[in-house]
Amino acid sequence: MTVTEHELEAQFERTVASEGRVEPRDWMPEGYRKTLIRQIAQHAHSEIIGMQPEGNWILRAPSLRRKAILLAKVQDEAGHGLYLYSATETLGVDRGELTEKLIDSKQKYSSIFNYPTLTFADIGVIGWLVDGAAIVNQVPLCRSSYGPYARAMVRICKEESFHQRQGYELLMTLMAGTDAQRAMVQDAVDRWWWPSLMMFGPADGDSPNTQQSMAWRIKRHTNDELRQRYVDMTVPQAEALGVTLPDPALRWNDDRQAHDFGDIDWDEFMQVVKGAGPCNAQRLANRRAAHEGGQWVRDAAAAYAVKHAAREVPAA
Amino acid sequence: RADLAAYCLMLADDALIAAQRLAGWTAKAPELEEDVALANIALDLLGQARVLLSRAGHLGAAEPFRAGPQDDEDVLTYFRDDRGFRNVTLVETDLGDFGRTIAWILVLSSWRLALMQRLTGSRDPVLAAVAGKAVKELAYHRDYAAQWTLRLGDGTELSHARMQAGLDDVWPFVEELFLPHDVERRLAEAGVAVDPAELRGEVDGVLEQVLPLATLTRPERAAVGLVGGRGGRDGVHTESLGTVLAVMQSLARAHPEATW
Amino acid sequence: MTVTEHELEAQFERTVASEGRVEPRDWMPEGYRKTLIRQIAQHAHSEIIGMQPEGNWILRAPSLRRKAILLAKVQDEAGHGLYLYSATETLGVDRGELTEKLIDSKQKYSSIFNYPTLTFADIGVIGWLVDGAAIVNQVPLCRSSYGPYARAMVRICKEESFHQRQGYELLMTLMAGTDAQRAMVQDAVDRWWWPSLMMFGPADGDSPNTQQSMAWRIKRHTNDELRQRYVDMTVPQAEALGVTLPDPALRWNDDRQAHDFGDIDWDEFMQVVKGAGPCNAQRLANRRAAHEGGQWVRDAAAAYAVKHAAREVPAA
Amino acid sequence: RADLAAYCLMLADDALIAAQRLAGWTAKAPELEEDVALANIALDLLGQARVLLSRAGHLGAAEPFRAGPQDDEDVLTYFRDDRGFRNVTLVETDLGDFGRTIAWILVLSSWRLALMQRLTGSRDPVLAAVAGKAVKELAYHRDYAAQWTLRLGDGTELSHARMQAGLDDVWPFVEELFLPHDVERRLAEAGVAVDPAELRGEVDGVLEQVLPLATLTRPERAAVGLVGGRGGRDGVHTESLGTVLAVMQSLARAHPEATW
């Protein structure tokens, strides 16, 4: 490392330590850049893959109001994907490259989207539990040390909160509905609760990169801290809703002033992460089909742009 | 009043079924921007459909289908059979690939925009208001489709072939857009509705402008025939609609007592 | 024409005139062969295209019994197609060639299949009216002068009668059902009645080939004779069923001892024949997609057969 | 009794959903002979499903779903939701192209044949009788699929690639076939049912014989995971089943008072 690089690194460290923002034009350590790219890409991929389980119910949404809400939500996810891929572009990688890595299983997305949506109540539960967990994960990232990511997160978190409220509102409606609707909600909660806890990642002891990411201010809390915060936030919401969270060990601990909860099935988690979840193959096959099936369209747009670059584009 | 209800249903069903078809693109578009844009068009059309269905419901159209506590718009959407839908058959056709989808949006939005522009002058204040809002939305849809028609038509050899094939496939359903139904004719005479026969010139004008620029040719395909003189506006549809509705209505019909 | 050909032709004429059977090995005039090929191919194509309107309801058949009946019926139609294409093979043309002509619109199929099936009652009405008309057309063909065609028709007519009874039985069930079911039947009858009359072809004055075909005993009655027979047969069935045939001019004529009926919309008929019916494009596009989509499979079977022609095929 | 009803449903639903999927090939097969053969397989499976559904109905399985005057087999087919279906998820998957369909039939019929062969010795006389008939049918299905596996695998380069891809796509659903459900285990101990874990050897044996002859390789694909330990036999399905049922049940549910 040259003297100048030492100086640059020292300045970077100062910026980060003083809660300043690193911008695309600033010098940054290669590890920081790589970690950020991986993290933001994974987040972007999650938005895109996350369109599928919800998209599964758009055509069958049982009221036009819910159809419009769901369609708009999935559209927002595509939009989030766009902001996030843009943020990675400021780090020197483009969307096409990342999409290739996604469909070749070289980059990951949130494992939660490898579970199927089996009833319309799943749409509500995804809003409540999955978006809820995402928000707990993401709110601290609005203060990420990397400027473009932090700014994207501010916008995304605002929309996610809106989605979460819509999901909860759907569940309230179903719980006030027929017996079949209430049963549907409980069943969905039973299936999604544990996977939502897994969204915070491995227990702290098994998460070796956390310390570095925290030092770089691209992660602000440990996995277990966030998981606990989520449980504590969600339990009263479940009570208000009138559903039972499927964990007999879940109870308030007066000493800790927090909820105790049961052991997560880390084997299931690892299976899903490794690609053997219920929907991994399907999600990737769909994404691949859309990407490869759209190649001719992207090629056409590129060819057209080249042809018409020199002259004015004629108005339609 | 029955005529006005039927007319609201026609305009509503066109938008509703078109939105349902477009929603089938979710998470399948060639680019994220297109995912966003197609969802946008679907949402606009869904919004138009909802206002018009509520209006039709207000005029009594939902009563024959009411089975539970649902709003009029949902009764009309989820508890009507295929034969009760009044949409033109174009909107129910399979969207096929992106080229065909673009051809479909181009034709549909050019036609609906021409219709809605005239409808802003309707004597019925609700229709005039719906049309006023729809005009802005449809102008965007048409522009979006025209831009893509140019890119695909004048893009690569492959995209040119697919865009032309998409246009060819859509073409047999175009003629029906300009066939006036008795209800439309009567209401048009009363200054409430638009006679669709009047729209042909404007739609042709758009296509005459866009297609040559896109290096595409106007298809020569026979129009789809009517069944004993009846088409979509009379509830005589293609075989596609039944399956579209089967999926769309499945959950609502499984729980006729429920609201969501 | 050589002397021998004169003799052959004379013998052919005698065979035909004496209600004998012409067999594949026998000499036959080129016109006879061509007319037969066209007629049998058109019949075969009709069976194959006819699978589509009925196939449209297999996945949605509202009881398992009806699903099994419908699936078996459509399967029989594939089987009829097979016999009939085999009959054309005895005349020196193969199935692949005829299929190409079908999808290139160089050969026709019965126009009736260019109408859509809009409700499940259409399935019953197709059995009753469409198969009914087919039987009236086809029973005389069991005595066709061409042996292979006559024998195929015997088998086909037997199955068609069975299908017709099943269709009628479905309609009886629906007429004994709910108001909605009865309305469905009447609506289907309203849509299919006129097209079923068109199945007998143009009025005799507009059917120039009839005389030659009758002389060759490959057609035994004129279009109008068969149409009248069909109307007379169907009217009492409609009464028994409790449906109204949509023709205000339909009434018994005591002088003729036959039913009078209204004018057929020959413009609509010509439109459909020319390819501008409600479903022509769809039917051909589907057939083309199946044929072209199956090319790789047929190629594989051919390649495998060549590879394994010399050695014994290993048992699976 | 509840166990026996549940077991009948499992075997019935496997056949019912498989038949529904196969019926989707109608008028789309690569050759007329294949149209006939696929319909045949579908009809055989439908027949097996009907007997087993009636049996389950006899044992009370239809009561919770009864809404109208339908027979038990139709109540269970048309008025159960997705979560009530007990089929393995393999049968509900999209059949894809002809290669994948053949792979699917090969696996499914090898497995079901091995199961039914053992079930002919069931202490339950009805199951034994159903199995006796099914064995003959399934032997034909397996043979049909094996013959086509050879032709496609050892046909052209393209057909080889598609057949292998079809097998690869089907593979993740194979593991579930051998996972015993508690009901199966209990009834197997009672000599009534077959423990599916026992079938692995026989199915593997078939594949070990056919795949090399067809120049295909046994796929190495991760099995589809369960959801909290639950799979198709527990009513936890893939997203495909919902749409299959939406279409299948649409008409029957639109007329809950009707019989057909």
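Letters are used for the chains, namely A, B, C and D, taken in the order the chains are written, and counting of residues starts over at 1 for each.
The rule we apply is simple: a residue touches a chain if its C-beta (ideal position, glycine included) is under 8 Å from a C-beta of that chain, and two chains touch if they have at least 3 such contacts.
Just so you know, these numbers come straight off a predicted model, no measurement behind them.
Between subunit A and subunit C, the least number of touch steps comes to 2.
Note on interfaces B-C and C-D: more C-beta pairs are in contact across C-D.
Note: centroid distance subunit B to subunit D, computed from Cα atoms, is 40 Å. A straight line joining the Cα centres of subunit A and subunit B is 35 Å long. Within subunit C, the positions touching two or more other chains are listed as 60. In subunit B, the residues that touch at least two other chains are 81, 243, 246-247, 250-251. Pairwise, the chains that touch each other are A-B, A-D, B-C, B-D, C-D.
Every residue of subunit C that touches subunit D in the complex is listed here, in rising order: 48, 51-52, 55, 58-68, 71-72, 74-75, 78-79, 81-82, 85, 95, 120, 170, 173-174, 177-178, 180-181, 286-287, 289-290, 293-304, 307-308, 313-314, 316.
The residues of subunit B lying in touch with subunit D in their complex are 81, 243, 245-247, 249-251, 253-254. On subunit B, the positions that touch subunit C within their shared complex are 81-83, 172, 221-229, 236-239, 242-243, 246.
Across the complex, subunit A meets subunit D through its residues 53, 56, 60, 114-119, 187, 190-191, 194, 265, 268, 271-272, 274-282, 285.
Across the complex, subunit D meets subunit C through its residues 16, 20, 23-24, 26-36, 39-40, 42-43, 46-47, 49-50, 53, 70-71, 73-74, 77-78, 97-99, 143, 146-147, 149-152, 154-156, 158-159, 162, 209-210, 213, 247-248, 250-252, 255, 257-260.
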